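Residue numbering begins at 1 within each chain, and the chains themselves are lettered A, B, C and D in the order written.
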Amino acid sequence: MTSSSVPSLLLTGFEPFGGETLNPSWETARALDGELLEGVRVRAWQLPCVFGAALRSLDQALAAHSPLLVLALGQASGRCDLSLERVAINVDDARIPDNAGAQPVDEPVLATGPAAYFSTLPIKAMVAGLRAAGIPASVSQTAGTFVCNHVFYGLQHRLAGSAVRSGFMHIPPLPEQAARFPGQPSLPLSTLVEGTRLALSLALRTQEDVREQGGAIA
Amino acid sequence: MTSSSVPSLLLTGFEPFGGETLNPSWETARALDGELLEGVRVRAWQLPCVFGAALRSLDQALAAHSPLLVLALGQASGRCDLSLERVAINVDDARIPDNAGAQPVDEPVLATGPAAYFSTLPIKAMVAGLRAAGIPASVSQTAGTFVCNHVFYGLQHRLAGSAVRSGFMHIPPLPEQAARFPGQPSLPLSTLVEGTRLALSLALRTQEDVREQGGAIA
Amino acid sequence: MTSSSVPSLLLTGFEPFGGETLNPSWETARALDGELLEGVRVRAWQLPCVFGAALRSLDQALAAHSPLLVLALGQASGRCDLSLERVAINVDDARIPDNAGAQPVDEPVLATGPAAYFSTLPIKAMVAGLRAAGIPASVSQTAGTFVCNHVFYGLQHRLAGSAVRSGFMHIPPLPEQAARFPGQPSLPLSTLVEGTRLALSLALRTQEDVREQGGAIA
Amino acid sequence: MTSSSVPSLLLTGFEPFGGETLNPSWETARALDGELLEGVRVRAWQLPCVFGAALRSLDQALAAHSPLLVLALGQASGRCDLSLERVAINVDDARIPDNAGAQPVDEPVLATGPAAYFSTLPIKAMVAGLRAAGIPASVSQTAGTFVCNHVFYGLQHRLAGSAVRSGFMHIPPLPEQAARFPGQPSLPLSTLVEGTRLALSLALRTQEDVREQGGAIA
């Protein structure tokens, strides 16, 4: 059996940003690289934390691996669990510069694109399955307006109308990051890897998402 | 000059919900009812906190007043300032029942509608102007998935492509509400009224929004 | 009747610190200066935000007014209500320099003093009365380790064993401060003044505090 | 060499409370039971989450093990790191009933005791050492007013004036607890065990605490 006969899923993580020396999203992705989940090979790919360049790198990854499912990971300081993002919006509004020094304000990700795309992953089933396994998880109603949302929007746009399901999950910083910047929640790499592995398996196994509330009042 | 010759703006607020006996959004709207701002008459309208029925009531308000601008207000427990919402998404996902007992989960606001609509108000200029006047304000990236977002989405859909600008602003509870449910931020009605009056004036006076960052990393 | 025949209470506030240009604790105190509450005259006094010097200024205030009750006020960023402090501890541990540039670390307020003093004000009755009047309020288990706690400890030490009751109340920033440093709760001066006036009246009227839980699990 | 010739340290944890089926403080303590740290044997002991009875159990533990150092652990929902408590106060004020149904309000832990006791552990050195090792940690200015503070106060009272150093450390819930009660920070048992082992070693190795700020403004 050649490697090309095994279907693959793409798991992206970001390079460090904001003065950090590591990014838990990439640490998690590369820890899972090559694993076989539900008969599908995990392919990890690192994205630059740069508007525009991140999407060009994503294009390369999609071309290289022709994945049947894509999960993009990103670090979210201040969050305490694995956050399955519901929606990507067509706006870049950077509170800090990206790694190339760009700081777009109220520019569209794609000038001709729709206002938003929803995740096509079964996010409610993923949250329910993670919680059942003892991994803190929740649905998030916003992926922000920085490079994470930019990649999420670009990803959903590229795969809109295709059979390839895709989405974005934010994860907390690592304890070693929280030790340097006290006062924020964290989870160690072992929990992030275990949770992401399960999230991917749940996504692969679930065709129709469950109807379980995961909303916010405001 | 007859009253019909004075242009009007529509300012909506909600009836109480979630066991409360008042709603600061309606208290604020009715306090401003009839005021003349920048030559425009404020018309306050109360919406039921009910999926569907809120949009039928909104239709009546739009027909009755033919406003040149619409601002919908809603209460947001846990927020500490006047939050100008950036985007409405096409989903109802109710964490608690609405005032008619309905609790939709992952249903579209409008089956054939786009994924989202952006506010057409100059939200950055409004935030900047409020802050300059000493009123705490910020841009919010999510209006939730309850009746507030439902109304915001329905409002933007109704006015899409028209010259009527519209949007949504969340406001904190009143101190008397926070006194009964301790631990949450609040602002008194006088601040909410002053801030909303200024927000409306800023919206009327500003044709082109300013470019000022108001984003979130995640 | 001479002015000296009217008993007085001392209400202290701090000068601005941490780069701010005003301090809501002093704005509140001076707004109440001279008022007659329950037959008692309010005497406002401004304290420097300086370790040591604040207590020397407090000594002058006590000597000048011979008050029958003392309430010290201080600003607490991040808090959303009027916080009645339960306990002052015998430690100075400054996260930032005081207004004279001193930054003591783990030094006692008073080398020979006990580890802590409790408030001698009826804090539970004050919280209950404030909430009943629609003013957000709570009991706080820590006044921090900066100049606020320093003054609170020094105050309680000076009046220990006397008939003069005393304590400390933290208050949130003003909206105009929160407008410059977004993301924190605030209350306007009118609410702070109304709440402090009521807190003082409740303290004067209540001899025996009520038994009502106001604790924290951790 | 008999076992009695090896000095011991006492590490206490609590039984579950508040409807939980496990308590990370006991899971952590028992995981370290029997380990030899810096030549000192760890003795784990479970305390009931009951006012009064917890201190009687603590007396038994002290008598059984004659430890040269004591660290009491407790769960703190809402905290994100290992919190070294600075001070125990002489008050029981229970927001919820303890495991025997008692809910004391504003009662002293010890009628004749001082207002507070400080930790006699080198808490600044412990926080610094934990952070240097990548474990999130901080100094806390309040241990609350529930059974945790009750045990901390009783512990410090029993050992006041002795050569046995003692203190209290709050730890976050486990991820499996946060998965059932979403929205709160957590750390897995492996991190809690590693962090507590290091905290104990640091306490054993450090005679004089470092001077490093760990205060709070309010």
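Please note the rule applied: a contact is a pair of C-beta atoms (placed from the backbone, for glycine too) under 8 Å apart; a residue touches a chain by one contact, two chains touch by 3 or more.
Please read all numbers here as calculations on a predicted model, not as lab measurements.
Any chain touching subunit A that also touches subunit B would appear here, but none does. Per-chain Cα centroids separate subunit A from subunit D by 37 Å.
For the pair subunit B and subunit D, the distance between mean C-alpha positions equals 48 Å. Between subunit C and subunit D, the centres computed from C-alpha atoms are 31 Å apart.
In subunit C, no position touches at least two other chains.
Chain-to-chain contact here is organised cyclically: the chains close a single ring, every chain touching exactly two others. Note for the complex: subunit A touches subunit B at residues 18, 74-79, 86-87, 89, 91-96, 103, 105-106, 114-118, 124, 141-146, 148, 170, 209, 211-218. Looking at the complex, you find that subunit D touches subunit A at residues 80-81, 130-138, 174-176, 178-180, 182-188, 190-191.
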